[in-house]
Amino acid sequence: MNHTGEIRPIRVTIWNEGAHERDQEQVRGIYPDGIHGAIAEAVAGPGVEVRTATFFDPDHGLPDGVLAETDVLFWWGHVLHDQVPDPLVDRIQARVLDGMGLVVLHSGHYSKPFKRLMGTSCTLTWRVHDGGERERIWIVDPAHPIAEDVGEFIDVAQSEMYSEAFDVPPPDHLVFVSWFEGGEVFRSGCCYQRGRGRIFYFSPGHETFPIYNNPQVRRVLANAARWAAPHHDIGSKLANRNRAVPLERIRRS
Amino acid sequence: MNHTGEIRPIRVTIWNEGAHERDQEQVRGIYPDGIHGAIAEAVAGPGVEVRTATFFDPDHGLPDGVLAETDVLFWWGHVLHDQVPDPLVDRIQARVLDGMGLVVLHSGHYSKPFKRLMGTSCTLTWRVHDGGERERIWIVDPAHPIAEDVGEFIDVAQSEMYSEAFDVPPPDHLVFVSWFEGGEVFRSGCCYQRGRGRIFYFSPGHETFPIYNNPQVRRVLANAARWAAPHHDIGSKLANRNRAVPLERIRRS
Amino acid sequence: MNHTGEIRPIRVTIWNEGAHERDQEQVRGIYPDGIHGAIAEAVAGPGVEVRTATFFDPDHGLPDGVLAETDVLFWWGHVLHDQVPDPLVDRIQARVLDGMGLVVLHSGHYSKPFKRLMGTSCTLTWRVHDGGERERIWIVDPAHPIAEDVGEFIDVAQSEMYSEAFDVPPPDHLVFVSWFEGGEVFRSGCCYQRGRGRIFYFSPGHETFPIYNNPQVRRVLANAARWAAPHHDIGSKLANRNRAVPLERIRRS
Amino acid sequence: MNHTGEIRPIRVTIWNEGAHERDQEQVRGIYPDGIHGAIAEAVAGPGVEVRTATFFDPDHGLPDGVLAETDVLFWWGHVLHDQVPDPLVDRIQARVLDGMGLVVLHSGHYSKPFKRLMGTSCTLTWRVHDGGERERIWIVDPAHPIAEDVGEFIDVAQSEMYSEAFDVPPPDHLVFVSWFEGGEVFRSGCCYQRGRGRIFYFSPGHETFPIYNNPQVRRVLANAARWAAPHHDIGSKLANRNRAVPLERIRRS
């Protein structure tokens, strides 16, 4: 339930840069409504309102009004990371610290908002073959809300390989670890809290493979939206504050 | 021991903005050699080489050569946070991710390097009276290397109050929690790893009270220098890397 | 929501040893329905079914049937810790590992179930005066579900002092830190996951002070019941398992 | 360095149940001096004193005097877990809480001392073929002291498969994650602190494969001994303590 109780739904905004869909027929073939469209379809459901946004929309799809009314932001980006304006990154960071959830997908590991919030390089090792390779996403914490009804593992026949060492802070919760056919492993599902907001990084999702059509992956996305939604409203903004009057009397000896 | 074994000492650089010493006779009275001088005296010892740097030195005391040859950087700043140039912050962040230790002191909680590496607002609540108030720094993890020979708590008769909620990521290790006479608590000793580097935030140290002359506080500073020093040299730089050839053959079904 | 969705309520069992109420008129005066009665009143609400149990009930109030039908067990104990039978402790541990939530209160830090699940001594330092002393419970993680609508801190005029160093594993989440009038601090709200179950330790609650009548403390208890409830049903029991047939073919070189 | 400074070496005791060496010629062939002998050879070095002990020695090789003079205990057990007497487990737990390091290897995941200190079932999924299968142990935290000079991964041609979900508490630090040829992953190097002692679980080491002869694995064992050694002596024993006299005056309103 979100912080206003039973009535107001979780408001999810799916952001996708949208460049691959524009430039590669292969990607349009897999995701005719865009990667954002596939994610939106996965996340939509009772109690969840979904809208989408792309880099090519006015204000990159994320004017103040949209961010202010977003409970959970999904982020898929790849080739346009550097073109995302810093003031937008500032606003996203501020919203997360103030309670907005953020779900970062796949090559979003190297996006400005994720690097800003992690404070590390977020680098990793990768490999992609034309036909991809098998990734098996193991659930290491079956009781975690993001793992609900996902099963013991998710088998993805064609994937891009991401491997360790992954330069992120130690996750608060590690939910998934991936096995790759070529011999590598990766912490593929990592939870963080930053400020009052929850962040989930989930690595599967290369644009040339239909990974976001996988029912178990879609369940992870839907679970992540619910997990990352702000639990309740804190009210006060984050700020340095002077409490000039102590709660207790101060004795001078 | 540092990564070159017994022979090479830990090279510590103490950075202090130095503005209070320049502008306030009271501060010069407490710290005639500057806050950096007092910290340097605390940290110096067998196997540790210490130099100091201030905001007013050429290149703010931290040209590339100095940072490259620093194993652990101490940071004390307050009124000049905004004037620390972003390219210097970039270089400090890069060095930490590559293994340099960073010890952030007192009002350094709001410095650019610390906020950059934490990814959060790093805000807190504070209060300072003319005579200060009592702070009692409790050791919550007596086995931690930074707590060695510090005892059960440190009593500081005159301190500035810092209190929760402190907007930092959950620390990897919480070593100290402070009690304040006026009724507040604060997580005053927090350990983090970011990239390959270790970060320690330690809150005591207001400029108008002689806190860095306290023998137990000095022991904490000396312990922190040893704890934060890089344990060994990883060699390779952090970067996204393409491992085009898999370690295992990839079978296509 | 619990794992069966909207329909089935969270089933909470409040266990209290009940010795103080039997032996001390003062305690009966504060808690005419027993400490368990006060906690039950705090936790009861829409979507939550509460029952109580005490040491003096048949099977100490926790026969197999009751434990099997408990989603969250609250535990208040003090002078009868040693008399709680080991087989009951075994069953409680097994239920927690299988998903049951456990909320351990006050002197329950030294109970058999808590020590069993923590693996540490769970020792601390304490002090109790006739009139008690002020405890101020600070919220260090305002976004945590257990802190919902609790405010910035909870002021308890009369409390027993518990202080660091508290010998528990580093908590997965630290929600509360307490300040005591006599000069000490304590990690008073600690979250853990063990197996598939969630554990919350909350230290306030001495029997001779009316702490469980404090509206903010009651809100914490109610929040804790919801937080600790199993999120979803994993199904399979925890066991070493032989997966004789590998998921991938194994090549011999 | 251990807590007495440069002079006293780290005193390591390698405990191995020794049943496989007694009963299986294949194991004697691989480890002519026993599994304990191979581990001892790996761990021995400047500043480290090693002795060995087995289940079949008087007092199972661990009388009070030996445990009291052990800084780090290594534990390899498999078929005799149930025969290890509970009072010995009590003494091991007490020593760890008091600062002794504990390195638990392979099937020791299901030993009484490890389960006692973790508080969980410590169950996992396993598979062993006659010829074994490839395990590749990835370093996920290259800056960790236990990973010093180990490289990017360790390739073990013949291993027993251990896979997730592994029912242990979330590790304080995750150092290694293993890839298995048959398609599974495992958190194979996990660090914990319990009381004042450090615990490292390292999963490779099936008795019918010469894994402890692998130079990188041996380096891990040697690193682990140094990492787990007590950093300094706390002095006081863990106990509930009454601090009857407060540090501050208590005011009654």
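Lettered A, B, C and D in written order, each chain numbered from 1.
Basically, a contact is a pair of C-beta atoms (placed from the backbone, for glycine too) under 8 Å apart; a residue touches a chain by one contact, two chains touch by 3 or more.
None of these values were measured; they are calculated from a predicted model.
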Quiz item: Out of C-D and B-D, which chain pair has the most contact pairs?
Solution: C-D
Quiz item: Looking at C-alpha means, what's the farthest chain from chain B?
Solution: C
Self-check item: Fraction-based call for chain C against chain B, same above half, different below
Solution: same
Self-check item: chain B and chain D: spacing of chain centres that average the CA atoms, whole Å
Solution: 32
Quiz item: Between chain B and chain C, what is the separation of their C-alpha centroids in Å?
Solution: 36
Practice problem: Two or more other chains in contact with one residue: find those residues in chain B. | Solution: 134, 136, 141-142, 163, 170, 172-173, 180-181, 183-184, 193, 195, 247-248, 251
Quiz item: Mind pulling up the chain D residues that touch chain B in the complex?
Solution: 1, 99, 134, 136, 141-145, 148-149, 155, 172-173, 181, 193, 195-197, 230-232, 234, 247-248
Quiz item: Residues of chain D touching chain C in their complex?
Solution: 93, 97, 110, 116-121, 123-127, 129, 131, 133, 157, 161, 163, 167, 169-170, 172, 180-184, 192-195, 238-244, 246-248, 250-253
Practice problem: Going by the contact rule at the top, pick out the chain B residues touching chain C in the complex. | Solution: 136, 138-142, 152, 163-166, 170, 173-174, 177-180, 183-185, 187, 249, 251
